[in-house]
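These notes open a run of structures that come right after.
In the two assemblies presented below, subunit A is common to both, partnered first by subunit B and then by subunit C.
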Partner chain A sequence: MDLFLERLISGLTNGSIYALLALALVVVFRGTGTLNFAQGELALFTTFVAWWLTTQSLPIWFAIAAALGVGFIMGALIERLLIRPVAKRNDMAVLIVALGLFTGLNSLAGLLWGSETKIMPSPFPNGESDFISIGGARLYGDALGVWGALIGLMGLMTLLFRFTKVGLHMRAVADNATSATLAGVRTSRILAIGWGLSGAIGALAGVLVTPLAPQQLSLTTMFSIFIAASAAALFGGLDSLVGAVVGGLVIGVLEAMLTGYVSVIGGSLQQTSALLIIVVILFAKPTGLFGTTKLVRV
Partner chain B sequence: MGVQDPTVVDDTPRVTAPGGMPSGPVPAPVSPGGGGLTGRGPLTIIEGSRRHWALRALGVVAVVAVLLLASQAQAFRVGQFTNVFIIAIAIVGLNLVTGHTGLLSIGHSAFFGLGAYTTGVLVARYDAAPMTTIPVAVVLSFVLGLLVGLPSLRIKGLYLALVTLTVGVSFPEIIRRAEELTGGAAGLVVRSASLAPPAWTGLGRAQRGIWMFWVSAAVLLLVMWLSRNLVRSRFGLGMRSTRDHEIAAAASGVRVARTKILAFGVSGAITGLAGSLFTMYIGALSPDGSFTLLKSIELVTGLVLGGIATQLGPVVGAVAVVFLPQLTGAFSTGPLSGVVFGVVLIAIVFVMPEGIVGRIGLWVRRRVAVVPADRPGLAADTTAAPPPAPPPHSNTHNRWEDQ
Partner chain C sequence: MSATTRSTDPPEGPGTTGAPAPTRPAPAGDRALRLRDVTITFGGVTALDGVSFEVHPGRICGLIGPNGAGKTTLFNCITRIYVPSSGQILWGDTDLLRLRPHALAGAGIARTFQNLALFGAMSVFDNAMVGGTSVSRVGLTSGALGWPPARRRQQALRDRAWHLLDRLDLLDVAERPAAGLPFGTLKRVELARALMSQPALLLLDEPAGGLTHSEVKDLGSLITSLRDELGFAALLVEHHMGLVLGISDHVVALDFGRTIFEGSPSAVRDNPDVVRAYLGRAA
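Moving on to the complex of A and B:
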């Protein structure tokens, strides 16, 4: 039982990270209608920024705040300078730009800070003895911290979308950009804010995951997380925030359980099996679990 | 965008843009009876005329000359050229499904890998002759392609990209898992003795480089010819109309489902063929080496750089992805080349969205038009009446996108 609980805890923790990055993907998708391939690498870059600030003997919380800020600015700039000019053309062009960012940002991080593995300090207590015991399973401080961050972010986003003007405008743009523009919404600014927001969320996911990740902070850290996150976002149905969170958690737990209980899969086929299950689900529901089906007039 | 007007079939690479990729400025139309007379229109060449054949012959001579010249280069250069050919074959495969059918695949590394590992395992474990493994690799990749194509009936757009992503991500994991057969993470080494050129060529084991150079070049030419014919066939028309407007295609009698699945199959088979050659060329395989998602990204990059849905794009794109990292690596090895790679990729989208070949094709088509002999109205030097129905502009460009 305690083994099961431990797997559940680790699954939920990884799942929360996937959910965070998936939220970033969904925010972009709702605005621009594309999957931001560079989201993971953007998060990686901002995490390097945070790491670099901690090596300058700045407190970790300041470093995280700065990384969020950098993430916001970079996201907004990317939208304004690189995405918007080509977004009118088609999906493929945006996708290629994102692929370019993917390679470019990853290499830029390597160029600035070297490719060797860095140790990123955790903002939460994560020593050997910092755990609460639940039914024999150990719940460590940083796992709790990650859950807390996800819940907190969900709360903030609900507030943003429900009760603020910017949130209302973002929903309007996601729903129908043309109508929103005609009604006086400054669509272009809203799009930039959306990308900035997702850059900041990605940065949060990055700084939270690296102390937990087996590779710590290296150039490959974010890639597998990005794969899982994009699967989570698609699973939930690209345009649903709730779907992204549910998707992330489901994938995290699925991975942990499959790895733990199905010996054929073991530690080596977890991505494959998680993704396969999602494909099967997509087969049944082609726009994800919570996605809206688009009706097109022909 | 456009189902091409069958009347402008010619040898120059076509710039059609997939799923809405802009084809840039519309090439100058060949106005009936105008053209050459005014001196401003393109040079008109009638398809099948002596001039046309001379041009074709010139093209063949040029290709043979370039190949002969390239084969004389230093051994490591010859190796690089071989690599270019192999990547080009893989991109030709990708082009069929992504360029001509409009289904974005980011899982083609799996087809490449399946072909490579089929040949590798058969040669290393079962002592098969390398060339005899090619059909096996092609058939297996074809079947995998059909399987990947299957979900495309229900799953569309980015969701479909996720399916291909799954295949791309899974492949290295499965290879690592199937250790007994594939050597797992440690990799699979094929003894160079088993990869030696066949005896009838008279080439020794040390000349494997030049042997693979010619084999790859021949396969590339064959595959390009097949792909060209496929795209121009009735099936190819179905592929393009599926890309341009699926509902209209279905309404016009195109079997969209079959078209998509078969396109994936053929595409996978060609990319698998490239993988098979890759094993013979490189001799050692590892799951994390050439078969990860990054390979898929490299192939997509090559396709876009060269020119989506063009005939020569894959070759130019392959040259770019093989040599660009080395060029940029020359002034600084390592990360900087990655940065430059990313910047170049983005720059291409901004300044040359139709790709290198696409851009050149536009330029050429403004100056040279090859028209079929049975449409005399298109030829510049004829006095025959223009064909009854079409208004001046409708001959040269499709009208789909304008509606």
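Moving on to the complex of A and C:
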């Protein structure tokens, strides 16, 4: 029982990270209509920024705040300078640019900070004894912190989308960009804000996951997390924020249970199980579980 | 239902005489919309050929013509979806062709769409709010933060939205998502969204399309009474002759991209060019 609980806790923690990154993917998808392949590497880059700031003996919370700010600015600049010029041509061009960014940001991080593994300090208490015991299972402080971050972010995003003008306009642009423009919404600015927001959310996911990840902070840290987050976003239908959160948690828990209880999968097939989940979802329900079906007049 | 959209019934409904309402307040602006020699070609096809006319402050101008005459193309030129090959579109002293599309709403011009372009997943109330917030000076995040002047402006917008929804008989559906509501209701939601920006010029693209006979009559009186209340000018593209001749102060007829008639609604029915355009040469 306590082993089950520990697997559940670890699944929910990983799932919260997937959910955070999936939220970032969904925010971009709703605005621009493409999957941002560079999302994980952008998160990696901003996490390197946070790590570098901590090595300059700045406090971890300051480093995290700075990483969020850098994430926002980089996201907005990427939209403005790289995505917008090609988005007018076609969606495929946007995908190619995102793929280019994927490798480019990774290489840039390697160039600036080297490829050896870094130890990123955790903002939450994560010593050997910093846990509370639930039914014999240990719930560590950093797991609780990650859950809290997801809950807090969900609350903030609800506030943003329901009660602010920028949130209203983001929903309007996601729903019908042309119509929003003609209703007076500055669509281009809203898209840049959306990309910035997802850059900041990705940065949050990055700084929270690296102290927990088996690889710590290295150039490959975000890759498997990005795969799982894409699965989570797809699970929710790519355009649903709630779906992204549910998807992240479901995939995190499923992954923990599958690797824990199905010995064939073990540690080595963990990523494959996430991909398998994507395939099964797309077979059963091509629009995801929370996605809206697009009707196109022909 | 479908029979009414292409109907050429004699004019009926309110304001049949075309005379201006006696109790009209000051127009919402003193700017006129002036089109001068607007021409647009697509490949070898000239969709608009030197079209010129004016929409005066506080007046309703009806734009009629058979299918393919260029009415919607003209609309799309005014709202910056198409760029005319030559000619001028002036809004007061402002050259509309120099404005970016989103700036139209701020300049006091709002439009509705022939085939509706609402935000389907959003509530009717939120749809209306988009029309208002885009031109207001409410800061991007001020709704959630408590800066009092911004909060007052936000509250004023919400009040205006509720007032308009009440006025357009949309209170019952205010919290429902737009997708799935009846077509006639959605037309009023679009009208509410357009009016939220307090336009001085309202562009209505086939507002009667797809409406039933009685809905068309209600729409006519709604548009005129809103105009009397709010003082906007309107450019109305419409197939429903009853509606156009019933509520317009001024009518412009297009055929094959050219202006074939401009004048009062009472004169349009007897104009031989217009009759020929609608009924064919043999008439």
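Quick notes
Throughout what follows, the second predicted complex is superposed on the first by the 298 of 298 C-alpha atoms of A that agree within 3 Å, B and C clash if a C-alpha of one lies under 4 Å from a C-alpha of the other, contacts with A are read in each partner's own complex, and residues count from 1 in each chain.
Here is the rule we use: a residue touches a chain if its C-beta (ideal position, glycine included) is under 8 Å from a C-beta of that chain, and two chains touch if they have at least 3 such contacts.
Just so you know, these numbers come straight off a predicted model, no measurement behind them.
Per the definitions stated earlier, placing subunit B and subunit C onto a shared subunit A by superposition produces no clash, and the two fit side by side. Touch counts on subunit A: comparing subunit C and subunit B, the chain ahead is B.
Of the two partner chains placed by the overlay, only subunit B lies in contact with A:Leu111; subunit C stays clear of it. When both complexes are overlaid on chain A, the residue A:Phe283 reaches subunit B alone and has no touch with subunit C. In the superposition on chain A, A:Leu168 makes contact with subunit C only, not with subunit B. Contact with neither subunit B nor subunit C is seen for A:Ala65 once the two complexes are overlaid on the shared chain.
Of the two partner chains placed by the overlay, neither subunit B nor subunit C lies in contact with A:Met157.
This overlay, made by fitting chain A, leaves subunit B and subunit C with a least C-alpha separation of 10 Å. No residue of subunit A is contacted both by subunit B in one complex and by subunit C in the other. By the touch criterion given at the top, residues 18-22, 104, 151, 154-159, 161-163, 165-166, 169-170, 173-174, 176-177, 247-248, 293, 297, 300-301, 304, 308, 334-339, 341-346, 348-350, 353 of subunit B touch subunit A in their complex. The part of subunit C that touches subunit A in the complex is made up of residues 79, 81, 101-106, 110-111, 113, 117-122, 126, 129-131, 133-136, 138-144, 154, 193-194, 197. Of all residues in subunit A, those touching subunit B in their complex are 34-35, 82, 85-86, 89-93, 95-97, 99-108, 110-111, 115, 223, 227, 230-231, 234, 238, 266, 268-269, 271-272, 275-276, 278-279, 282-283, 286-288, 298. Residues 159-160, 163-169, 171-172, 175-176, 178-187, 193, 292 of subunit A are the ones that touch subunit C when the two sit in their complex.
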